[in-house]
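Consider the two complexes below, in which chain A is the common component and chain B and chain C are the respective partners.
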Partner chain A sequence: MPDLIAQHLQAELAIVGAGPAGLAAAAEASDLGVPVTLIDIFPRPGGQYFKQTPPELDGVPDGHARPLLDRLSRAEMEVISDTAVWGIFPEGEGYLLCLYGPAGTPRRLLAKKVILAPGAYDRPVPFPGWTLPGVMTAGAALTLVKHQRLLPGRRFLLSGTGPLQLVLARHLLDAGGEVAAVLDANPFPWRAWRHAPAAWGQWERLAEGWAAWRTMRKAGAALRWGHVVRRAEGEGEVARAVIGPVGGDDTETIAVDTICLGHGLTPSVHLARQAGCEHRYDPVQQACLPVRDEWLQTTLSGIFVVGDGAGIGGKDVAQWEGRLAALAAARKLARTVAADRIAAVRRELARQRRFAAVLIDLFPASAHLGDLLTDDTVLCRCEEITVGEIRRVVAEGAETLNAVRMVTRAGMGRCQGRMCGGPVAELLARELGQPVDALGQVTPRPPVVPVPLEGLLEEEA
Partner chain B sequence: MNLTPLPLSPHRRGGNSAPLPSQGGGWEVGGTPDAVVVGGGLIGSSIAYHLARAGVRTLLIEQGDLASGASGANFGNVQVEDAEFGLSLELTLRSYARFASLGAELDYDVGYRKTGNLLLIENQHQWAMMRQRATRLQAAGVRAVLLDRDETCRLEPHLAPEAILGALYNPDEGMLDPFRLVHAYTRRGRDAGLAVWTHTRVSGIVVRSGRVAGVATTRGSVSAGWVILAAGAWSRELGRTAGLDLPLQWVHGEAAITGPLPPMARNAMTTAAFFEATEGAGEQTVGFCLRQRPHGNVMIGEAARVTQRLSRAATATALPAVAAEAERWLPALRRAAVIRSWAIPVAFTADSRPLLGPVDGVAGLLVATGLKSTIILTPLVGELVAGMVTGETRDARLVEFSPSRMRDAAQD
Partner chain C sequence: MRSSRLPRASGSAMVEVTVDGDPVQAYPGETVATVLLAAGRRTFRHTDHLHAPRGLFCGMGVCFDCLVTVDGQANVRACMTPVRAGMIIETGGSSDA
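Now for the complex of A and B:
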């Protein structure tokens, strides 16, 4: 239907997500003269790493992000903010992107090539009491304290793993909060010395970690290795956290009003999965990741996935992946790309990946967190499905994620399994004694984010 | 119609047979159940349950998860109103009578409840059709009544009055959770010795000298004297492996669901336009239907196109069309968050009658698919088909549903 296609807004290269990966891809592509349409779900570009504090709160962009953000004002770059992409469908030689944004936003975009840079979100780790008000993700707490200038509690307990917890603790302390303790589910990283070569040159990050550590020590906050929150208690809100060693028993009760969970990140794969890109379970990342070739192209020709949405690597891996995919897309769009630029981008990407691998090695998602679940722990928050209900249908013969989902409704709510998908898979794997990748995958269906009924129409009413 | 089956395996009851597995996957490859049911949807699971309960050693084989085809992609409606008149309606009403005690029979909450159903009338032509329908339904003992616009809108105040003339109303229709019904059948079936293989594809039905000999699967071959083909839209390809050309066609249907909303629709609703639809191949038609689930989610549908491809892929045009139609009928849905959609091929036959019963020329092969309203017929069809194996189903009128009927007609 050529006349229908003619109605749609058209793009040579659509980039979805304006975090480090998407911004870098946009900059690289426009350097090569490829017109870019950048679509982002947030009102201001930057994503999570380069999140911008609102100007009314005296926010100024992160120094690292400024060059990338400045590029967005270029003539050949169109930015569509505050807009969700709820579905991608093959159309002719390219792809039709379905958009939903504020009044006046185009609803459809026909793109020849697509780079997805969807980022990641905090890995949900359920435990008894995790649905009590006062339990939040580390990412949410960081956004509130750093970008909204709101302290989301008075006395905090941080539980999770990795250096981002220290960064959060520092921000909470600087904002006047009290940090009772920081628990890291992994043992002290004695192995870190082995990784010294990979960390060489990452001075800025090491300095940030060191500064956060010193702030914590001065404030008297304890950092306890190999420990987790085992249970949150309180009447209608968090009043206490029961903690203990990973795989052990309760050892201590700490009075706190806020528990921040920072068990690392999990890639946002919903859009790529809906589009039909093949994904495989990665045991190191403990997540389903898109299958990509050396150009970061997925199993669908012309669709690339870059950054944390293809596997957690952090903001620098994300940027260099974005640049590499942009070079590949430009080549496919018949632009001339210098061989030495490709080589340089690949070299820098490899260096950043070595460092990212260190963090994953030192701070993996713990395999023992499933021990904490009790039959009355809610696993699917949208539909309020408990661990016990899932165990029962497994005992009655359900053997795959889909089977559990269909009978219990776990994962059928608003979040489309973003919160409970991982934990349900891990519970099922434990109950059946099978690896997670043997349980099948649930395919996200359009719309991959909730969209008002009228927002699905091809044009605004 | 020849209902005289092959002799059942000597292992059928008692004797020296090995203990039956109580969990799925218990059959050894190369083992010999009496009957293999192909297709783990509503119909296949009901047949398998009824067979196991009758003491027939039965293996149920499903290519994906249970209820992962059209059985899990519908609105859960237990509906009488759209049945074809004659034997279909008679069976529908007989089957309907079993729902009140179905939960108790299966010892499982399948979510059954009476809600009522409205066939929404938009124009004079539909009004005339529905008036005729009401009379015939009433004659069959169904409490169906024609409502005018005001009466309809009193029942469902969120309906846009300008969209309708009235409705055909049946207070006795209901809903259930189809996933839980399939789960309940296989669960109770397993208690009676049923074996279930999921994620196992049947690659062929094996026929030797005019008799079914078993099936070839991705887990190996299984010998059986009975094979029951209940694979919905996938039945046609499977039938080919036994030399059948089943007169099945497919509709690619797409529908969507909102997040939980306050109560806004008690009845299931469907536009009467479905009764006058003439679908051209490949062309998308959109008819409004709606059902609010117990948790508050509202299902809306549906976009359909006759297709030659077995696909679950969503299309870019279906969701906008479904949304536009839903907004026209229930403007209050305008701001409701749509959280998911689905797409599935659904089998249908040109004469709207099911393919149900033995196949001429292949002894031991039964077909059960192409039902118009599958859920309501599920309990009875399971019993009837199981009875064709055990010899207890003797109703000669069922020849009307013979899978070979269209071939016979073509030869006449």
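Now for the complex of A and C:
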């Protein structure tokens, strides 16, 4: 066995995910002399917040990301891009990471400590017609217009909640698009003034929101509070959106060719759950989150989760969490860590968390969106399982998420429940009249991302 | 055409790819999804059971809705795949696919 293990690529500290959290963790760890192996699914580091426009498309790296990205060229950093981590298993004193990337790249990595920085994706909110081409997430539209230099439609409807919608609206308008309306599922945030102390000092964010608001006003795009898209219609693609008040009825049909859904983000927890880290349902975030100690270590010793993958907090919380976990990992790896650095990182993290909590308070995921579902609404996009099919198995006695998955196959398709997991849990909770955390959690299984059978082997066949 | 390219850097040369047998021009740095959308195609495939049209949804490799065939390899995510000169892209975009 020792010989076998010796063949694996070895790392003192493996960091999975090269967004703000992973990049900051890598920078902090390398400052302390810890060699870092950074693994990322995308061709270029940056994740979603710091996504880099391809240089061929005249991409100029984000000014905020530049210092972190520049650190990656240091000798003690190894970056493995374009590579998925499909499973994590305990091995000796550390963990074995199973990788799948381009031909000729390593398939296994043995790491003493692991920091997971998996990020998040747009919270899926199903409604009739949400599978039609022309309906896309706000994240997809933002990536297209900012980083692919493509305006993905002519006349847009934005539906969701929170300030990121305004940012998207501004980018679409600047690119020459027409924004018919921006719908926010939450009421106007009158209580925002109460949060003024937490927002104090966040001038850059407030300025961005203000600029986006001004652009929208000038373009005449309506911002409608307490409204949501209720149905998308069209032959083969989106031609119309039926909108109305949240919890109410259809009120208006508007002609649009593109609908962007921006109901906030939901954490990517598949890898941490597969590894065996305990997760609990968080009613504020309305998502399952990893249980962590004050060092952001999970219930598995030596595995940390940082950034949006541990609860949505945005890019600044993510970076400070990454730094704190890096300090903790370095201590465990017998490096000397200055007490005043730990105190400074904790202080800044606390400040950023206060602001992140404001956004969650003002723009929560709406509890009324389940009203929109009809029996023929597709809930599981991969296996094409409808709301009606799930209601039927609930009527037949299914009471847990595992039971619903086993009987209907919802959540067993290629995305492995990333799209339907939350909506199925919310539907089951509504049907049974129980809280989501009473339904159990689906058992995660490797590989957590689709990998060809050959890709599971230790060596290329 | 619903999607439109924004101005590119001056002097960047296009490459040719094939989409369902037709020659299509693309810029290096674009993903397959961008090339298809810019070519006016919003439906990338039809589903197995309901034969429903699907296109780009999450745009970041999570949802697996934007699957196409690239150089003979099926089930490739269009949103995650950078385009290359000479690439042969096949969609399931026609309704009888």
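By definition in this document, the second predicted complex is superposed on the first by the 461 of 461 C-alpha atoms of A that agree within 3 Å, B and C clash if a C-alpha of one lies under 4 Å from a C-alpha of the other, contacts with A are read in each partner's own complex, and residues count from 1 in each chain.
Following the convention adopted for this analysis, contacts are C-beta pairs under 8 Å (C-beta built on N, C-alpha and C of every residue); 3 or more make two chains touch, one makes a residue touch a chain.
On a predicted model such as this, the values are computed, not experimentally measured, just so you know.
Enquirer: Once the two structures are overlaid on chain A, check if chain B and chain C clash or fit side by side.
Expert: Here chain B and chain C can both sit on chain A without a clash.
Enquirer: What is the C-alpha-centre angle with chain A at the apex and chain B, chain C at the ends, nearest 10 degrees?
Expert: Result: 90 degrees at the vertex chain A.
Enquirer: Return first, second, both or neither, reflecting whether A:P450 touches chain B, chain C, both chains, or no partner chain.
Expert: A:P450: touches chain B and chain C.
Enquirer: For A:I41 in the superposed arrangement: first (chain B), second (chain C), both or neither?
Expert: A:I41 contacts chain C only, not chain B.
Enquirer: Report for A:M136: first if it touches chain B alone, second if chain C alone, otherwise both or neither.
Expert: A:M136: touches chain C, not chain B.
Enquirer: Does chain B (first) or chain C (second) touch A:L9, or do both, or does neither?
Expert: It touches nothing on chain B or chain C.
Enquirer: In the superposed model, which partner reaches more residues of chain A, chain B or chain C?
Expert: In the superposed model, C touches more residues of chain A.
Enquirer: Let me test your reading of the model: by the given contact rule, A:R414 touches which partner, first (chain B), second (chain C), both or neither?
Expert: Touch status of A:R414: both partners.
Enquirer: Figure out whether A:L333 sits in contact with chain B (first) or chain C (second), or with both, or with neither.
Expert: A:L333 contacts neither chain B nor chain C.
Enquirer: What is the contact status of A:A429 with respect to chain B (first) and chain C (second): first, second, both, or neither?
Expert: The answer is neither, since A:A429 touches no partner chain.
Enquirer: Looking at the superposed set of three chains, what is the minimum CA distance between chain B and chain C in Å?
Expert: 7
Enquirer: Report, in rising order, the residues of chain A that make contact with chain B in one complex and with chain C in the other.
Expert: Overlap of chain B and chain C footprints on chain A: residues 413-414, 450.
Enquirer: Which residues of chain C touch chain A once you look at their complex with the stated criterion?
Expert: For this pair, the touching residues of chain C are 2-9, 12, 27-31, 33-34, 37-38, 42-44, 47-50, 52-65, 67, 75, 79-80, 82, 95.
Enquirer: Okay, in this complex, where on chain A does chain C touch?
Expert: 41-43, 48, 53-59, 121-122, 131-137, 139-141, 143-145, 148-154, 175-176, 236-237, 257-258, 268, 378, 381-382, 384, 413-415, 418-419, 450
Enquirer: Would you mind writing out the residues of chain B in touch with chain A in their complex?
Expert: Of all residues in chain B, those touching chain A are 23-24, 64-68, 72, 179-180, 183, 186-187, 190, 196, 198-199, 258-259, 295, 300, 313-316, 319-320, 322-324, 326-327, 333-342.
Enquirer: Contact residues on chain A for chain B in the complex?
Expert: Residues in contact with chain B: 87, 89, 91, 96, 98, 274, 276, 383, 393, 396-400, 402-403, 406-407, 409, 412-414, 416, 440, 445-447, 450-454, 456-458.
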